[in-house]
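Down below is the structure, laid out as structure tokens.
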Amino acid sequence: MIKVQKDDFNVNQEIKDISSLNKNIGGIGLFIGKVREGNNSELKSMTLEHYPIMTEKKLENINNEAKVRWNLVDSLIIHRYGKLYPGDQIVLVATFSEHRADALESCEFLIDWLKTKAPFWKLEESNKGKIWVEEKKSDLEAANKW
Amino acid sequence: MIKVQKDDFNVNQEIKDISSLNKNIGGIGLFIGKVREGNNSELKSMTLEHYPIMTEKKLENINNEAKVRWNLVDSLIIHRYGKLYPGDQIVLVATFSEHRADALESCEFLIDWLKTKAPFWKLEESNKGKIWVEEKKSDLEAANKW
Amino acid sequence: MHIKYFSWVKDQIGIESENLIINKKIDSVIDLITYLKNKNEKYNKAFEDLSVIRCAVNMEVVNLDNKINDNDEIAFFPPMTGG
Amino acid sequence: MHIKYFSWVKDQIGIESENLIINKKIDSVIDLITYLKNKNEKYNKAFEDLSVIRCAVNMEVVNLDNKINDNDEIAFFPPMTGG
């Protein structure tokens, strides 16, 4: 399942909703991305812009790709948009499998992919003003390894 | 932090308790291990026995080892013991870092380690009776890769 | 042709989207960019460095030499930074 | 010498732990196992296949040739299956 939403999410509730449907889940791999304040508390806010419909479409595609490549019972991506603050949750990736390797690997695959292929753009507001976050070389490399 | 307990845990609460102490967390890697019913609903219960004090000591050691090997803001292991049923949560590993690679790698390291080095033993009860779970070769290999 | 702009491309051009009826022959994304750059200095500036411009045609990311049609939805944006 | 048993080792021997006062010379874990196997058939059975027996001395996993002392806590168990 994929969800693109303004609202925060409760990871316990989200995994319970999926786990209750299937008692054959042995492991859940999760990643939660959060707004980081920075070492000198420089960040005031982060606004996530996205390309509606394309976002949902691309997330749906990659979520299906994970299910093809790994043996998953289910998987979930929640990505927030709008204005967020230090400490806020941005993204949740959760993969459910019988054996842990499938969950752990596909979870890493999904978050690596999201970093460079999901149509989101981050505007950071700090003391220095507003700056659009640039693509990181390390993120490109991480996405290309899959 | 490590917790060895009979009671269930709420992953949302656990990560909130740690995240609220530090706004410089950019990513949380998580793994939740659950009691799997099996493909033919054969499992009735799983009883986890452990070696008190040694368990806490070994978990504390490995948690510190993860903090030495990776750049972590914090990390948490919760391991349950006692009689559990299909769908129940057994273990939570949560690693908190500024950048995602540290969280994801150390999370995998910790769960791989727990499988073969934490003094727990699992007694499965099914239609066929009670059987102590045997060590898996794949778990040994996973632990040895670190 | 429906065109959308995101992130700093949107900021520089000053609009989120526009419908263009183009009388000239526009075959590819790069033709469209050339056309837009001639409109005014804002567009010219936004498309100055094409190495940081990405394009989606009907919500699929494509190369700048990709063919386009009158009824396509074209989006321009910098590299994506999700997750 | 305080000895603990876990999992099926405990089930086969029939007790969780015991305190042994040993008059014989017991230098290593393997000496202790030999001593225990001679006690009765339950111990003999439990320690039949040493490839599936693990030992901790004072809560550290050790090899079976590890030295032990009178005041050590010794634990016997099969390979661990945590997580």
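Going by the order they are written in, the chains are A, B, C and D; count residues from 1 in each one.
Basically, contacts are C-beta pairs under 8 Å (C-beta built on N, C-alpha and C of every residue); 3 or more make two chains touch, one makes a residue touch a chain.
Every value quoted in this text rests on a predicted model; they were computed, and no experiment measured them.
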Fewest hops from subunit C to subunit D - one hop per pair of touching chains: 3
Between subunit D and subunit B, distance of the C-alpha-averaged centres to the nearest whole Å: 27
Separation of subunit A from subunit B, taking each centre as the mean of its C-alpha atoms, in whole Å: 22
Distance between chain centroids, defined by C-alpha means - subunit A, subunit D (Å): 49
Sites on subunit B at which at least two other chains make contact: 33, 100, 111
Set of subunit C residues in contact with two or more other chains: 83
Touching pairs among all chains present in the structure: A-B, A-C, B-D
Subunit A to subunit B touching residues, read off their complex: 10-13, 15, 19-20, 23-34, 36-39, 41, 86-87, 98, 100-101, 103-104, 107-108, 111, 142
Touch list for subunit B against partner subunit D, complex: 33, 49, 51, 53-54, 57-58, 79, 90-91, 111, 114-123, 132-136, 139
Residues of subunit C touching subunit A in the complex: 4, 6-8, 11, 56, 59, 61, 75, 77-83
